[in-house]
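Just so it is clear, A, B, C, D and E label the chains in written order, and each chain counts residues from 1 on its own.
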């Protein structure tokens, strides 16, 4: 088992809710609430969940766009959260992010040349002239033409912009890229192009991806290992075939069941999950999922079940499989 | 009406564009005002009419209609008794010089008019004067000018006749009897208030009947009394049935405060006021209005009367440039005062040679007694040449040190006439190479700070208004130069110091001989005009607009306003007016 | 809701307190003081007199002492004494306040009545000639100097076509019936109200138009059309109802502008209102009057802000004041 | 594996021409008809303002030259110069070079027998006669003049020819030409407007960026302060503040030169207006920063490791500038209006410096006697402000991100 | 269950053309689309963004606003060509005989009016019933779409409901006047996958109960294949292919349809690389002459560049607009 490139333990990100004259904290949005996992070099970890489950917050916390409330992030064994200043800036080079909205993620007032040269400028890597050359090379790497360099983002289609975003993310030769719903804003015919591009880049630059999406089909296609999130917590995590072939958690089962499947013809949608995702400000007691769970039983409403390795590399947090309730146990790193 | 208004609004832009070429339509006020009511417009704020604390000019104007003082000045600048029956003088024996060997003072016998009564019928006696004197000396009452009361050491009321009393003065001054500013207060109404609040600062003013119950008829002793008072808005007067003098002709007088001169004029033309008092239009406006009255035969008369107000320039003698008398004289010579008054005032405000007004009995224009500077740019230039100021190509003069002859000219901001004159002067002095910079302060800053502390650096323009036969001590005596030593008192703002003049002002106070006083004054004037600490400009004229049928009206040209004779005002009817006009022709 | 109002009132009170000190400081930073008024009126006043009067009025004390005295007397309900008019401030302020409310209220009403239909019309006929004309009118409204429009109004309606009085608050007469005096007051109000509302009309037309355009571009308008609703219902209940939300704020917040405008309007028309009084009292150093009027206006503005927020909540159910 | 094989080629999108941001904005701005008209008006006014000295030189009109005997003349008047002004000119004429031959010649012609000395000859000559006659007289003398005096005589005749001036818009309360004063007034008013808007935009940018970027307590304090200032009735505050004497504020400091300058009141006006007109801009900047700060492109820059300074400079400021520019443009109009209002009340620009506002100051009471004096400056203010407002409107439309995306 | 062409069409669209008059010139957003939907049938319309599927829906409701305009064709609702109907008549039809559900339930509801009010105005407008009756009906509809405690929800504002509930309310409102024709314009795109399932189930069950004709618009091939009887594929404003769902999904004939189906990741069918369609959808401003798909099409020939391929019937109910259809 090789050393994980990224190991996260007990990560929490709570957003305070402030109110009143003195802006006192009256509550917290527990967007990420005790998440632990590890990523092996070169693999693609999928994070899947419905809106509001905290997957994007988790992604942003991983690259320290948000400072976590608690927990640790170790990058190649080094405590990423302890870094600051110049060391942090240097470390950032190997940890990049791709954003969801191809329209918002490019500064509308910059040319593509400036956008792509920015990573080099920020780290003072090369002369302006060389920056431009590198930017042109990047553009070609992601399948655009160097001639596009002096255009503005608004002159490109969504797919092209997402290519530019990807180009910017890989500019500094990162090891790990967090991709936050990189294809969900794109047309179906463009999705495939981008997914293929990302795959190609992964091979070419031996990238590790953390791929965040709400679309199980995309996740299924793209990821090696998948973590399912619900209200700030990982409730199931397993390699792809294992998870989809043998989902254990009732929520995962319901999710898989809800996916509309192409080519199966008209069918009656049944067994759809009832109810909706509760608010992360006041999550249900016990297992957050229990109010919607078709298999709930007595006891599900007290103590959140801990994430346990139910089978090899298959972790589930559900009382159906173990009575263990979560405490501050930090999970050992897992790997293939 | 609203339809008309709407249509008019739609045409607004069009009308505005062509206005310049449209001859304004004549607007005739409906009918001539009658003796039933006269509406007077003023632009200056007035306060409540407590005579002892009033300090605004508009208030004194109005007060003259509702209250009387001990003596008065008539339109010909003659001192006459008003509430008194007679003015005591040394000559008529009612006053005498008294001495206890150490000090000398005067005692004078005053008798109040036997018919004099307050508006509620209560007799007006020496007690009321004694009471007002008491109040005036109270440390908790904000009397503007305490000297009026302080000069009297005591008032002894005849125990048998409260209408008769003796004033005991502190000093023996020749002008002891000038009590035109000594007003009675109705003791029967005001004493209780005063006694209740005497210990509290401003307690009397705040609780006086003049403040709390201004329409109480017992507060007023003049031909009119107040029936309605809207501070900052209007005041309505009606004939006082208890007035002891001749009965007023006009039944009701409404005084409306319209602070904006343009609006004032529009109101006059629209007929919502009949008359504009002296405290109304600006001079420029009056001039233009007079032309219009003539051209369009409007039923108004525009009155101009040169007054005691003397506009002048103070030269700061601490300024190194102005310390040189040649520079000062050059500045006088360079100004065409006659040209100034002709051009800006249509010649209706007379040019001044010195500080005394033409209506003052002490006035002189005799070239043998004063120095007269007739406009001559050449003389001015020569003087500056002599003083070492040489022309440079930029059109200004420079001294040997390369300093430009630059002076700051200050006046009260917002006074349009002064600002006009200022610009005129700036232009005139540019002609002799003097660079004059204009810098104006708001009036309160100008008088409260700039002048009082003599911070004006170069030249300051403002006016003095003094009663006739007034000792100019506070303007010319070296003791009156404001400074630390005298607590910034006095109005010798130029900082002029002349030992002989100091002697002369002292002598003037002590001289009881009219002829001798005249000589003393003229000697002061000679020094004053010769050394030019001050450049006289012109005497301000008071202007007013009256309805064409108003008779008995005259602007006196001194500080006791036309309203003093309000009971003589009369509005002729149309027939009488025609007769009057044909008589005049 | 109550808690919210209380909290806001508390905040407002703090702001008013701080602003009052700031204003007091500003006032005293102005050179000169009330006694200087007397000096101007009376050249024969002596320096001793001046010092005596200054001490009498407490003007020789340091600023914060004077502020403290002033503030504590205000707190005890005594608004002070006007040195210009020599009466209690309440006596002079009361009627003026009423006049200004009448003026500002009428102007606001006129502005709203004129501007909102125009704005809605312009929005519904976007890019039509009517839209251009209304826009031009609105731009003229926000661009014209208010004193100038006042002068032009006087020139046109009081001088050339003399149908309205040139200035003043009302005729001074005894023998008017209540109806006559009402009409009389109305006549005096027309020109000031016109000139004061001109600016507001411009502002409101622009905001109404923008809000209406924005509202009409929303998806729910399409829903309303898809439901088969008639145009009046779509415009009013769906379009305008939503445009109202920003408008309420703008209207309430324009109070400050209206007050500033009132100073000019009242000065030009010699209208006896607070605006003119503030100007006069600042000019003549009548601190008590100026401060009280000033504080009233600031409080009004802050109060209007609060009311705007509350109305916002009424108009928009999405806002809650928990 | 090779890139070309792995990465699908994207078709060249021929439909987009490479276009700079500025040209896109320009194109969109040009679509706003009123904004273009407004811009042209402003351009003309600016040109007039810049060329004021040239206009003055060409027309021979001077904003400060008085003609006090010809006050309040209606538009289209032909007037003679004031005596004083003529004297001044002769004085200059005499100082230019030795004119003794000319003076002697004129004296010989017994035109000026009463004069005291030679120099006064000319003063008397030019002040005693109407300039039309004078020019005729001098023309007649031309043939008789000796060679030595001929050129001087010619020069004198040219000088005299200028004594008659034409006043297209009439004269004001001191007989000054209204047109040229309006031209110079444009200078002052527009300068005040531009400077105030620019400086308060800068202040607003500073305060707003501090508040918006750092947030928290800095934000709370700065914004409460801004809100408090906004709740003040601005005109009242301006009235109070304009009474404060700069001389006392700057006395003894290096800024004292301001007080000494000819344009003290202009500078004071600018300072005062700047102090109280940055709040809207600050709020605007703060608002846009708050939204831009959360935009993904800023997050992306942070992930790249960009420093705060870089992010502010490269991403936030450029994106804030555009809306700020709109606010500044609209602010120009407001500043001009405030300047005019204060000058109208006599608290702003002090005479003799002409500004549109102070030209109106005197005009109100004379509105019935000289309506042009009241109408013209007001119209200019209206046109200028409305133009700036339309330009602002056009800019706002142009920079609207919705329209940039097409 | 094999689908047969509808015997009696509730709605029939013939050669619909919708044009937008833009600055650059007129743009055909919908160009000659024809189809018919029978009672109880669901027609799925699928395509990428900008292909004109929503514009088709709005054209049918005559909700296109300037600068857009329906420039040709006919839409028969029963015996009536509604493109020629007066606006007054349209107002009667909209919301009563034909209704639409929008993509984003948050913005489609007026935020400042209660759900109940917004339903009432439609019910009382079309059914002319009393306040009380319309209220009862609205509450009935709310409970019909599975909203718990409908009486309370009736008085709620839209923001007080969750996304799924809002969409249910939207459906309740659309169906409140018993429409015979329902357009669902991407009704589940904004929803989470579990909620999407619920909504799809609801639409299905309601359609069965009310036997409406449903036009279901989406870009999601998974959704479309699960809900619709027939599918119409649009590309750049034109129809590429119409076929019964199962046939289309299993044996698409148009190269675009075929590539599109292959390019999406399908759950449980793993491939190492997705066969992507190269390039991107051409802008409507600069459509090439001939087939709009020519630049991305592997089969394209000269003929494709010269002229539009007509929609031809390949098999019963299977029409394809292609000169070089994919062989199966």
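In the analysis below, contacts are C-beta pairs under 8 Å (C-beta built on N, C-alpha and C of every residue); 3 or more make two chains touch, one makes a residue touch a chain.
These numbers come from a predicted model, not from an experiment.
J.: What chains do chain B and chain D have as common neighbours?
T.: Shared contacts of chain B and chain D: C.
J.: If you tally C-beta pairs in contact for every chain pair, which pair wins? Let me know.
T.: Result: the chain pair B-C has the most contacts.
J.: Of the chains shown, whose Cα mean is nearest the mean of all protein Cα atoms?
T.: Given all protein C-alpha atoms shown, the central chain works out to be C.
J.: Just give me the whole-number Å value for how far the CA centre of chain C lies from that of chain D.
T.: Distance between chain centres: 30 Å.
J.: Could you work out how far the Cα centre of chain B sits from that of chain C, in whole Å?
T.: 37
J.: In angstrom, rounded to a whole number, how far apart do the mean CA points of chain C and chain E lie?
T.: Once rounded, the distance between the two centres reads 54 Å.
J.: How many angstrom lie between the CA centroids of chain A and chain E, rounded to a whole number?
T.: 32
J.: Could you pull out the residues of chain C that touch at least 2 other chains?
T.: 30-31, 151-152, 154-155, 159, 267-268
J.: Send over the residues of chain E in touch with two or more other chains.
T.: Residues 276, 278, 280 of chain E touch two or more partner chains.
J.: Of all the residues in chain B, which ones touch at least 2 other chains?
T.: Those would be 16, 19, 24, 260, 262, 266, 269, 441-442, 445.
J.: For a test of understanding, state which residues of chain C touch chain E in their complex under the given definition.
T.: On the chain C side, the touching residues are 218-220, 222-230, 233, 237-238, 241-242, 245, 315-318.
J.: Touching chain D in the complex: which residues of chain B?
T.: 16, 19-21, 24, 260-262, 265-266, 269, 281-282, 284-285, 288-289, 292, 336, 339-340, 342-344, 377-378, 391, 395, 413-414, 416, 419-420, 422-424, 426-428, 430-431, 437-442, 445
J.: Once bound in the complex, which stretches of chain A touch chain E?
T.: It is residues 50-51, 157, 159-160, 187-193, 195-196, 199, 214-218, 220-222, 244, 254-270, 272-274, 276-277 of chain A that touch chain E.
J.: Which residues of chain A touch chain D in the complex?
T.: The touching residues are 23, 60, 63, 65, 88-90, 92-93, 95-97, 99-101, 103-110, 118-119, 122-123, 140-145, 150-152, 154-157, 159-160, 163, 165, 168-169, 172, 193, 196-197, 200, 203-204.
J.: Within the complex, which stretch of chain D touches chain A?
T.: For chain D paired with chain A, touching residues are 1, 3, 6-10, 12-13, 16, 18-19, 21, 24, 220, 295-297, 299-307, 310, 314-315, 318-319, 322, 401, 404-406.
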